[in-house]
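Across the two complexes that follow, subunit A remains constant while its partner is subunit B and subsequently subunit C.
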Partner chain A sequence: MNPFEAFRSYSATRRELPLDRILARRDQVLQRLAQSYQALIEEESKQLIWVVEQGALSRAYSTAVEALQGVDFTVEDLEDMCLELDTNDGVTTPMGAPSGLFIAAMCNQVPAHDIALNLRIFRHRWPFLGYRLPRGRRLYLDGDAGDFVGALLDGGEVVVTGNAGNYTSIGMKTGTVQIGYSTGKYTGEGMRGGTLRVGGRIAALGRAKQGVIYEGDLQVFPTKEPEPSATLKPLASAAQPK
Partner chain B sequence: MGIFMTGQEHLGKIRDMYTFISERLYFNRPDLSVQGESANATLLLSLLTALIGGKALIIGEPGLGKTTAAEYICSLLYCLPLGVIWSGEVSGHPEQTEEKIVGRPNLGKLNQGEEVVVWSTFARLPVKIVDEINRLPETKQSLILDGLERGKWEYLSQGLINDEFCLFATANYQDQGTNTLVPPLLDRFDIVVESKHPGANIASVIGQSSSRENLLRHPDSEEAFLGALQRTRNGRKAVDVEPLHRRFAKVVHERCGVVMLSRAERQAVRQEMAALPMTLEANALLRMVLAELSFCCKYGQKRSSEVCDEGCHYTNYLCYEVRNCASNRLPGSVYRYAQALAWWCGSPHVDVEHIRTILPYALAHRAQWRESYLLAREHERRQEPLLLHAARHATAAVFHRFHEQRHDILASLGTAARLLDGDDLPPPQGDHPLYSEIRRDLGLELA
Partner chain C sequence: MNWPQVLADLWPEVRRKHLWPELPIPQMGTMDAPVAMQMRDKQITLNTATCDELAESMPPEAVIEALLDHGISHYTRCPWDLATHLQLYATAKAELGRKSLARLATDSFIDVVANTACVKEVPTPLPDVYRHLGGGPLQGALTALYTQIWGMQLHGSGDPALVRRLARIPYLDRQQWPHSLRRFVQLVRPLLEEEGRGRQPEPPALGHHSLESYSPAEVTLGLQAFAQQAQDIGQFCDVVQDFARELAALGYGKEAGEGVGPQVDAEALYYMQLAQSYRLPVRGVPMERSGVLEPYSHAPWEASQPVHDIDIWTSFGKLLPGLSQIWKRRQGLVYGQREGTPDCLLVLDSSGSMPNPRAHLSEAVLGAACAAEAYLRHAARVAVYNFSDALMGGKTVVPFTTDRQTIYEGLCVYHGGGTSLRLRDLDELRRTVPRATPDLLLITDMQLTNLEDVITYLTGLEGRITVIHIGENTATNHFRAATQHHPRLQIFPVMERQDIPKIVLGQVRRYLGGLQGQG
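Now for the complex of A and B:
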């Protein structure tokens, strides 16, 4: 006699917990994102040129965007990928890993308008966060950002609650970059439009072309001619004898 | 389709009967909820007892309708006038004798040297009601053990077997005149229910209402039934009482509007119930309960003479809280009543909810708990007597564990099935006593 006979068929029905399903999906997405990042690294390792050169950046960004095509990911997956990059990214270049550019590409591709990243939990300070952020998207970075934050901003809004490094808003076209505290050198370098507000101090302004830059409440680019004080205006009565 | 319709018709008749009893004869509050439907546990489970031919122990304070509930139900279910039911009742008292309960010699025949037994109405009727059973001394309780178990009565050298019977016994709470019911007798009861006080408002209505028992009395039928039973002697062909049943059924239908079941219909209902399969989950839950109530890692199984030690690995399971071992009657009772409940609910199978509902009533009188367990339960807020409350608490604890482990348990039972067939699989591992039982059945642990 087999006292378990009735249960023979049970193995056919595999137990599935909702959490298992969620984790499996997350792992799958994360794996695809990691593959995309690997594709970017392999492509860029041929060049090994990481200088602020429009052509090189543009090419790397296009590679990243291309690698992300077809990957269905969410803001939560983006956060997970940042954690993954923070833990395992061994690629170093003179200007930091291309991971920042990859994260920027993810921010621009993820199907969400509001993206928030807690930078305080990451060891790395990635460059190029907010690179080419398009209109209609808001990137909220809690903590200190690295160099080139808001580079070539394309209508989006970048908010950094802490400090930002050098070349903040470099080449920004339109949109808004708001830094809670201070920025480094070459702030606003090559800006062609948009608004950069720095809550604290700007170590050194770059050579902005257009747009507006504030340091605290003070507009530092374009420099405003101080309005003549009312007390210096000639009195109407004094002018009459002329 | 025809069978289905018949099943629905039977269910409709039984439900009408329940409604009639609850509205006209036995007033009480609903205290049981199953599949979103509320009912009075005493009434519903007693009705199911009569229907499936089970054995119910009804406990409660004196005068709260224990015996009358059983009488009304049996009268309606077995199509017997109340007077006949009363004639067949046995009262539990210290002077009770086998001759009064089972049968006596036919003295006239005995004088002629012939040994003929005159069976008691109690032994002959398919409805057996023992009033205040715990007033029977322990030595006399064994007189009715066999009869209660199998419906098999013996006196002198003759025997009587009831093809169809149900048993109700009532018991008051302990007082000076009561005795302890011996465990073998208790174990023979499928379920225990408490006939509760209906509450002040309903009780006041009971006091004002006219005599309810007249509804099920019919002196002409009673006389005819008793006469027929008297004429049935050993060795003679039994008198056909079916016409008498039909006559009484007609009277009740005209008087109360209730349609009664014939013997064939009762048997059909039993077949319908017996055909209801148990889901794998319900099966696994029952196995978990049985494992916890019979397993002992140190002594192999529970024995009422052996108390397991403090600090046992299985301290959090029922095997630590209970002193005796679950009998083989327990799963039978649970299964049959769960089938009956599933049938009552119109469910196509016995599921976890049916098992969970029945378990406290099947376990309460059978489990002998550790004193510490009862002490912990004694002062908890409750609506039931301690023994039912403790059983309900234990059922809830096992169900909680089942809910957490159901997939692993089911998978392990599935693996065990294939292992026994010779498949090469890793043996099931787990912390519940059931895993140990599985491993024992697979020969991986000493039984």
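Now for the complex of A and C:
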């Protein structure tokens, strides 16, 4: 007699949920984005010393844009990729510049006009966010941004709710950069147009060429002659001695 | 509605569906909080009022089945055990900082995981409950999330961008739960803050999750596992203090009294739980020949031998040489004067050169805790002499006891300041031991101002002595050199936590003869 006769094999019927499809697609896109990022890092690692200068930036940015060609991703994928970079970044790119450029390239390539990133949840403070942001796009950065925010801005709008680092809006062509609190040194360095509004203090202005820079409500570049104050007249009641 | 009858009818089928979880039959009850159910010591109780309310829009059987599915899913899927629950809570607390919001966030996340796993794995009317359930903005967003990830129209209300982001979290991937919860909290943070603005947030509609859900044994195991998993003592204590009421009710501290809230010595609890992971061996006292002859084996009887040793049972009742069996006797083994494991006097240095056990993980206190556990497991008593500058009154003395809580409280005291041992105190304490000579365990970094006196005292001491020194310095070398020929004194260095299991308490050097020869 088989004592296990009454036993039957049981296999639970597992439904496929939309969640499964969402996650599968998300993983697939993230994998492709990671490959693109890896391609950028490999290309840039050929340079023995990574120096932040115009030639290197243009080259790295072009590589990033090229690597992103054919990847169909959304703003949510972009956010998740930033989270991935925040987790894994640091070893391959100690300066963080290629990562920042890669994020900027994603912001410029994603099919959306409004992009919002919550910088408060990231450990890294990437530079070059908003790099070459084109006209018609708005990048909303909640928290403190790193250096070179809004660099070479190309007509887009960058809003930072917190502080920004050094070289804010460096080489900006057109567009608007709005910083909630303060900026570091070389603010507006090499600006060729556009508007930079800093809600708090500017540590040190750079050598801007064109465009407008405000510190609070005060226009600090190009410097405006202070308006002549109205002639003060004594109040009639005060002027007449009793 | 005869809810108990509906419940009794449905329970076998629901159990079968969930592969017979080990849960007692649920019951109906009334609750003060506006929640659908609660679980205490694995006993599910459904709120009659909520069932009545839901039954206006759903068949009563579906109401019961859905609520049971939800409750069982928590038991069988998420959070599964207390350690996972506490780990998730710690993650949420690290993000949010506020206890009430962290609890709400953890409860909400656990609900999403358990519900989604349930909907995926078993046929359930659970989505119908969410179709008819009210709630605030957070519940609305979660219902909208369910609509998206379950593929059913549940009429939730939430910002589509938020829901799209929430739907990208891998809720069913257990390995990623802490990471997923962090993301979940980051996304729903504004809703959580809205719920908790100026008041205690309402619990999730189907009930919140507390330590009361677990059995006492599960709580013990969960705390042990969480002590291992916690980043540091600070995280453990932070979480434990947030559950002080429940833990105090379970006997892990003092319950609230008049004008006093529940008190749990979280640091002591941390060392207590951590010490359970290290099973330090205590060498027994050697056995002695008793001199009494005991029957040992059989041999054929010969005519010249006395008859009183014949074993009649194996001799078939015959008295024949060669056939009858005689008992061969052998000297028996019994304990000598001291039986079992002796008591132990723990002498712990808590001077300024030692780490504060309440701020950082202290290897010294952990080592002492492991030693205390080892002796307590053998039904021995433990006394604690915690000292810094004992000559100036910097000391805490716990007489010989088996009360674990008292021992740990004594161990976790930090005096700071200078280091000197008052040897007369040790003598007085040793004299109070109700049994024979106690073992002595000294844990110190050896930077004692009266080190020479201590060495002289220890070398003249009766009983076994174990000395654990934290770190290496000239004083430890001096101590080692001065006591190297002592037959009953053993020294162990502890540089890091991993060194603790190497300690063998009550080790007598002759047991290590072979090892020393090899060394």
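One rule holds in what follows: the second predicted complex is superposed on the first by the 206 of 242 C-alpha atoms of A that agree within 3 Å, B and C clash if a C-alpha of one lies under 4 Å from a C-alpha of the other, contacts with A are read in each partner's own complex, and residues count from 1 in each chain.
Going forward, a contact is a pair of C-beta atoms (placed from the backbone, for glycine too) under 8 Å apart; a residue touches a chain by one contact, two chains touch by 3 or more.
These figures come from a predicted structure and were not determined experimentally.
Asker: Just subunit B (first), just subunit C (second), both, or neither: which does A:217 touch?
Answerer: neither
Asker: Quick one: is A:80 in contact with subunit B, with subunit C, with both, or with neither? Answer first, second, both or neither.
Answerer: second
Asker: In the superposed model, which partner reaches more residues of subunit A, subunit B or subunit C?
Answerer: Touching more residues of subunit A than the other partner does is C.
Asker: Touching A:6 in the superposition: subunit B (first), subunit C (second), both, neither?
Answerer: After superposition on chain A, A:6 lies in contact with subunit B alone.
Asker: Do subunit B and subunit C touch any of the same residues on subunit A, and if so, which?
Answerer: 10, 15
Asker: For the complex, give me every residue of subunit C touching subunit A.
Answerer: 19, 116, 119-123, 148-151, 164-165, 167-168, 170-172, 183, 186
Asker: For the complex, give me every residue of subunit B touching subunit A.
Answerer: Interface residues on subunit B, with respect to subunit A: 280, 283-284, 407-408, 410-411, 413-418, 420-421, 438, 441.
Asker: Under the definition above, what is the set of subunit A residues touching subunit C in their complex?
Answerer: 10, 12-15, 17-19, 22-23, 26, 76, 79-80, 83, 118, 121
Asker: Quick check on the complex: what are the subunit A residues that touch subunit B?
Answerer: Against subunit B, subunit A makes touches at 2-11, 15.
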